[in-house]
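Consider the two complexes below, in which chain A is the common component and chain B and chain C are the respective partners.
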Partner chain A sequence: MRSEFSYICPKSLKEALEILTDYGKRARVIAGGTDLMTEIREGKLEAELLVDITRVPELRFIREEGNQTSLGPLTTHAELVSSMPIMRGAPVLGRAAHSVGSVQIRNIGTIGGNIVNASPAADTTPALVVLGAQVVLERRGGERTLPITDLYLAPYRTVIKPQELVTKITFDKVSNGWSSSFIKLARRKALAIARMNVAVLAKMEGKRAKEVRISVGSSTPTPCRMEKAEALLKGTVPSAAIIEEASQAVAQEMVERSGVRSSTGYKRPAVQGLVKRALQEVLAINQ
Partner chain B sequence: MTMVVKGKVGESIPRVDALDKVLGKARFAADLKMEGLLYMKVLRSDRPHARIKDIRTEKAEQMPGVVRIFTHKDIPGKNRTGIINKDHPVLADEKVRFIGDAIALAVAHTEKQAEQAIGEIRVEYEDLPPIFDPQEALRSATLIHEKGNLLYERDITKGDVEQGFAESDIVIQRTYLTSMVEHTYLEPDAGVAWIDDEGRITVCASTQNPHYDHHEIVTSLALDPSQVRSIQATTGGGFGSKLDVTVQCFLALAVYYLRRPVRLVYTREEAYLATAKRHPLIMKYRTGVHRDGRLMAMDIDILGDTGAYGSYGIAVAGRAAVHATGPYRVPNVLVRSRMAYTNHPFCGAMRGFGVPQVAFAHESQMDILAEELGMDPFEIRLLNAFDRGSETATGQILKESVGMRECLRRVRKQRDEMQKVSAIPGKLVGMGIGAMWYGIGNTGVKNPSSACAELDHEGRFTLYTGAADIGQGSSTVLSQIAASEMGIGIEDIRLIRGDTALTPDAGATSASRQTYISGNAVREATGNLRKSVLAEASRFLEIPPQELTMEDGLVKSMKDGEILTTLEEVTARSYSEGKQLRAEGFFDPPTTNLNPETGQGIPYATYAFACHVADVQVDPNTGEVDVLRVVAAHDVGKAVNPSNVVGQIASGVAMGTGFALMEEFVPGQTRSMRQYLIPTVKDVPVVIPIIVEDPEPTGPFGAKGVGEPALIPTAPAILNALAQALGERIYHLPASLERVLKACRREGSS
Partner chain C sequence: MPVQKIRVRFRMNGQEHEQEIPSNITLLELIRDELGLTGTKEGCEIGECGACTVLLDGKPVYACLILAPKVDGREVITIEGIGEEGKLHPLQEAFLTHGAVQCGFCTPGMLLSAKALLDKNSHPSREEIEEAISGNLCRCTGYLQIVNAIEAIRSGEKE
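On to the complex of A and B.
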């Protein structure tokens, strides 16, 4: 049976934070509702009050400030896809957002919801991880800023307190000299949750890879960078052999972090294939 | 003045129901609103196999808004339903046999109250050992049904297989597996029931067979047939699942007691939990071939899991057996096809009735043989394909309308003319063929249809048919047949369909039978009416009837086409003399029962034939598959509405792509479309349809059927294309990411 709850729709950030402080665990934030509605349908929502933040004007923005881009949590996937600042300064995030669900889901689902829901398969997360995104959490009378990787405790669990809202996501622009790739692997070509996804950023200096960042979704207990593979690539002149080695390193690191599971038989080779394809793309190396 | 009327047989006119659907005017069962409407919810078993010791409803009855709770004790008639064998209780009595079995009904003033009441019904169970494997079911001492766990066995013997294998140069043996598949029609099952003006219990539901629903309601309530009326609501797809009764008997039971309108609409989750699935089959094939490529022998063993109830299990086992050889001449055949009960969700009819499964097996075998022989896959099929005069495994001689070779040739030609797909770096490409045959109508049993045509006193034409249009287009096609036969335009035809109080029984919308069988009934009814009209006209005009013809709504002279009178005038004069213009039509395809031991006989009057060729691209590192394009040729006899045929072909390819690559219903895990993926438009290939018309003399204007054939060759073609791309074969559907990658790695390591 569907969950039952009261509903409130604050009109300012202040009001929203007041309500969250007053209700604590008894309240739950709803943005686009594309994750929460399935919980409600299954009767799994435990909160008694649903706080709809979609009318809070302070939470909806895309801004460029100097070398930084910052996003309000209510930014929808569709807005990310069609935003010039994103396409210029963080195309990897634009591509990730483009792979989410369908037109309908992208029109209503938000980046804040995608982050906080903490699904291991969330598509924007690996992109935000390679961008080195910082997430601002606000509560009444205070705020803290955490790197995105520090938000997560386990699949579907974060450090975010019931009194807190994600109010901003920031990252440095990656334009000059950077190239990027986002690839999603799923059981069908649209409207599917990622079986795995990968985001890669690389900065070249002449023929050498100055820096490479790799993050793979649905592969590790919490989102992270694949540091061993990154270290292997750093400073090298990319070649098919190095890409092969780095892809293997990612697969190995995945198994080290997640242990061997029933899905490993598929995921180990597949992640290697996926990372290889992404690296070939960013480093412009054909097989 | 002559006006050329539109909508004759052979014209691609829009569907007669398209505009109402596009404008949102069509009323589906869930759209029906009535004063004083009550709402129903169903309590379902959460045990796969258990004896019911007690059902306590007192507390639920006291819940706010609850009108009444129903259990099996309330059923006045027979508590067993089933289209072929009656083993399915309306409401569980002694036992539950799968997770989802209906146990009790709550009727309340709101849906929510009904749902809350369901939560307060207490069922006391005694668990029994569950069985989830058909092989185990046949060995087990635990009986799911009293008569045993084997639902049915169909054997076919022709020639001497051992002799055939002895004369073969190559013999190959393989086992093929398919998965349970969920129909995922757009509209979850729904219905509303009430007492109509004539005091009848009236059920209006989403269904493929209103006359069968009527029969089950009558039996479960022990009423006279005249006391029940069953109406087909506009139906949003069925694919076979809406051939079983779902909401109908529940609603009728409530109205029987309450005499008030009641509504039941399944959620998607309930439609997944409680309705039929496609039978998973285990198919063991041993095929022998002469070195010149001629098939010599096939020994085939098929075992299916029908789950908790029979539903269409017997039909699937029978049809799978008859079609197991594929569309090929095989002198020596031995088939054993069995269905076993398990405690899985019950499996029933789904587009193709077992033929999509066996086609995967026989087409894989053909490609393996071609490879072993070093023969081209087209050549081995052309060499063995049925032709006029060929004999099937059941000993039937195919006399007319055998377009198998023509389909193969046309597909091959089309492919030769198209650009080859070339692999992009890092990907593999492959091309594969799938061929099929499909018997139109039910297997070796009577399955008649009747229709009625009428002209009222103002000359308005009405066609009455029980045939349920579930989105496949039968209303359009039957109207076109009537229009052509009557010589009037499609817009002059009023169609009354699917209402047991008004329309004659047309049988089920299944087995690709409505164009062929109901089409014939409609043609006969209309033809008879036309004869009456001409006889009347002849009387008034004093011209012999054989010198008259009807065209564009006018009675004309056969000799010079002179317009002599109009339909309106003829009917007006007839009615003024108290003469009604109404005629009936009937058709039952000429078939024979299959011999119970040897399976010999004439199971179908005619067959459709088809061939698909698929091009695929595979990423060998991840197992991702792109189906790039499918060329699909279908011998439909005559395309009554070519754009409808193309629509069926395109939808069949889409559904076949899902069957090939992603659809797998896992009982206990698959709960909704969240876990169960069907192809999106991005997954569906470009489809190049080719319509082949080898006319069927017994068909209306030469027509056969295409609804199920459209699906069948797709998965075999994709799987054969994958085998070519990978150099390794997949024997288990669907070819998921995991299975494809595993096959890639097998190849890589060898």
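On to the complex of A and C.
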């Protein structure tokens, strides 16, 4: 039985926030709908009112402000891929967006939707985590800003209140001296949900790695940085041996955070291999 | 709670439409069931097979993943909207010439993905063609003939 609901399409942010305040839990927000449509079809969407925010002009932008890039939540994956500010200032996010679904999905699915749906397999999330993205949540009469990692409670659960809307995502540009990698492991190239994905950013100072940031998707209960491995790499002159050690540390940290599960047997070597490849790429170590 | 009826106005295949539709149907159902245009195919219904691909404001999308009320004020092109009465679109001709149609179920979606690519890039590389149709599954051809057909259009080959 399909979900039944009324539908409203607010034309301004003010109007959208008013509606969300009035309806609270009785409303659900829809943007691209690529995730929500399957819920609707299966009758799992329980809301009186579906609030379609895609005509809210304040939520659709890509801006460069000084050293920062900010995105409206309605930015589609296709728009990220074809955006110069993103490909220049945050290529790791561009590559992550490019790995999402297929052309048809990227044309519709939004970055805001990818964030709030909180799927552990979301492709843009590890990229936003290594970028240190901040997410602005607005409600009628107020707003708060959270680091992206503070948004998540558990798979598919966030701290976002029914009255709140993601209105902006910001991060520092990482162009000068930074290199990045995003690698996705999936059953096939297109139309595949990530079995695992890795985002890595590194800044070199001479021959030394000044800073390395690593995040692995689909492997921890909530998105996070792999701090032990990052600490191992920081300040070193990268070598095959250190990369090997750091990759093992990531696999270890994943098991510590997630516990030993039925999938650990194959995930441990997989995460190790992916991180190794990503680190080799950003630190320019060939093996 | 009863399903709300929504009035939508949109352009489909060059014609203006105004329609009362239930709030919870998909664009695919609007096209096939409300308007009776059955060239757009229903495959997986979850945005994985590409059979329902249509162009929304010129961009390929899965009609099964679009909530129908969202088409208000927008333009949709389905397979019925390419080519003319009695005259195939060059892409359709190329698909026939190159044996790119077998069972035909993926064909409408495949053609629209190809059209969207050629509309914005008249000389795509083979890789770009492969990527453009990577959201459309075909279980018959092995894709080679489809890529060849699109490539033939690119290079202006007629036969």
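Keep this in mind: the second predicted complex is superposed on the first by the 287 of 287 C-alpha atoms of A that agree within 3 Å, B and C clash if a C-alpha of one lies under 4 Å from a C-alpha of the other, contacts with A are read in each partner's own complex, and residues count from 1 in each chain.
Just so it is clear, contacts are C-beta pairs under 8 Å (C-beta built on N, C-alpha and C of every residue); 3 or more make two chains touch, one makes a residue touch a chain.
Fair warning: this is a prediction, and the values are worked out from it, not measured in the lab.
Enquirer: For A:Tyr266, select first, second, both or neither according to whether it touches chain B, chain C, the two together, or no partner.
Expert: A:Tyr266: touches chain B, not chain C.
Enquirer: Specify the partner with more touching residues on chain A, choosing between chain B and chain C.
Expert: After superposition, C is the partner touching more of chain A.
Enquirer: Going by the contact rule set out at the top, does A:Ser175 touch chain B (first), chain C (second), both, or neither?
Expert: neither
Enquirer: Of the partners chain B and chain C, which touch A:Asn67 in the superposed model: first, second, both, neither?
Expert: In the superposed model, A:Asn67 contacts neither chain B nor chain C.
Enquirer: Once the structures are superposed on A, label A:Leu274 by its partner contacts, choosing first (chain B), second (chain C), both or neither.
Expert: first
Enquirer: Touching A:Ser12 in the superposition: chain B (first), chain C (second), both, neither?
Expert: A:Ser12 sits against neither chain B nor chain C.
Enquirer: For A:Thr38, select first, second, both or neither according to whether it touches chain B, chain C, the two together, or no partner.
Expert: After superposition on chain A, A:Thr38 lies in contact with both partners, chain B and chain C.
Enquirer: Thinking of the overlay built on chain A, is A:Ser239 touched by chain B (first), by chain C (second), by both, or by neither?
Expert: After superposing on A, A:Ser239 lies clear of both chain B and chain C.
Enquirer: Could you pull out which residues of chain A sit against chain B in one structure and against chain C in the other?
Expert: On chain A, the residues that contact chain B in one structure and chain C in the other are 38, 102, 189-191.
Enquirer: Help me check something: in the complex, which residues belonging to chain C touch chain A?
Expert: Residues of chain C touching chain A: 1-4, 6, 23-24, 26, 45-48, 50, 53, 56, 59-62, 64-67, 69-70, 72, 113, 116, 131-132, 134-137.
Enquirer: What residues of chain B sit close enough to touch chain A in their complex?
Expert: Of all residues in chain B, those touching chain A are 112, 115-116, 119, 425-426, 619-624, 662, 674, 677, 679-683, 736-738, 741-742, 745.
Enquirer: Would you tell me which residues of chain A are touching chain C in their complex?
Expert: Counting only chain A, the residues touching chain C are 2-7, 9, 30, 33-34, 36-38, 40-41, 48, 50, 52, 54, 78, 101-105, 107-108, 189-191.
Enquirer: Looking at the complex, which residues from chain A come into contact with chain B?
Expert: Per the touch definition, chain A meets chain B at residues 1, 38, 102, 185, 187-192, 195, 265-266, 269-270, 272-274, 276-277, 280, 286-287.
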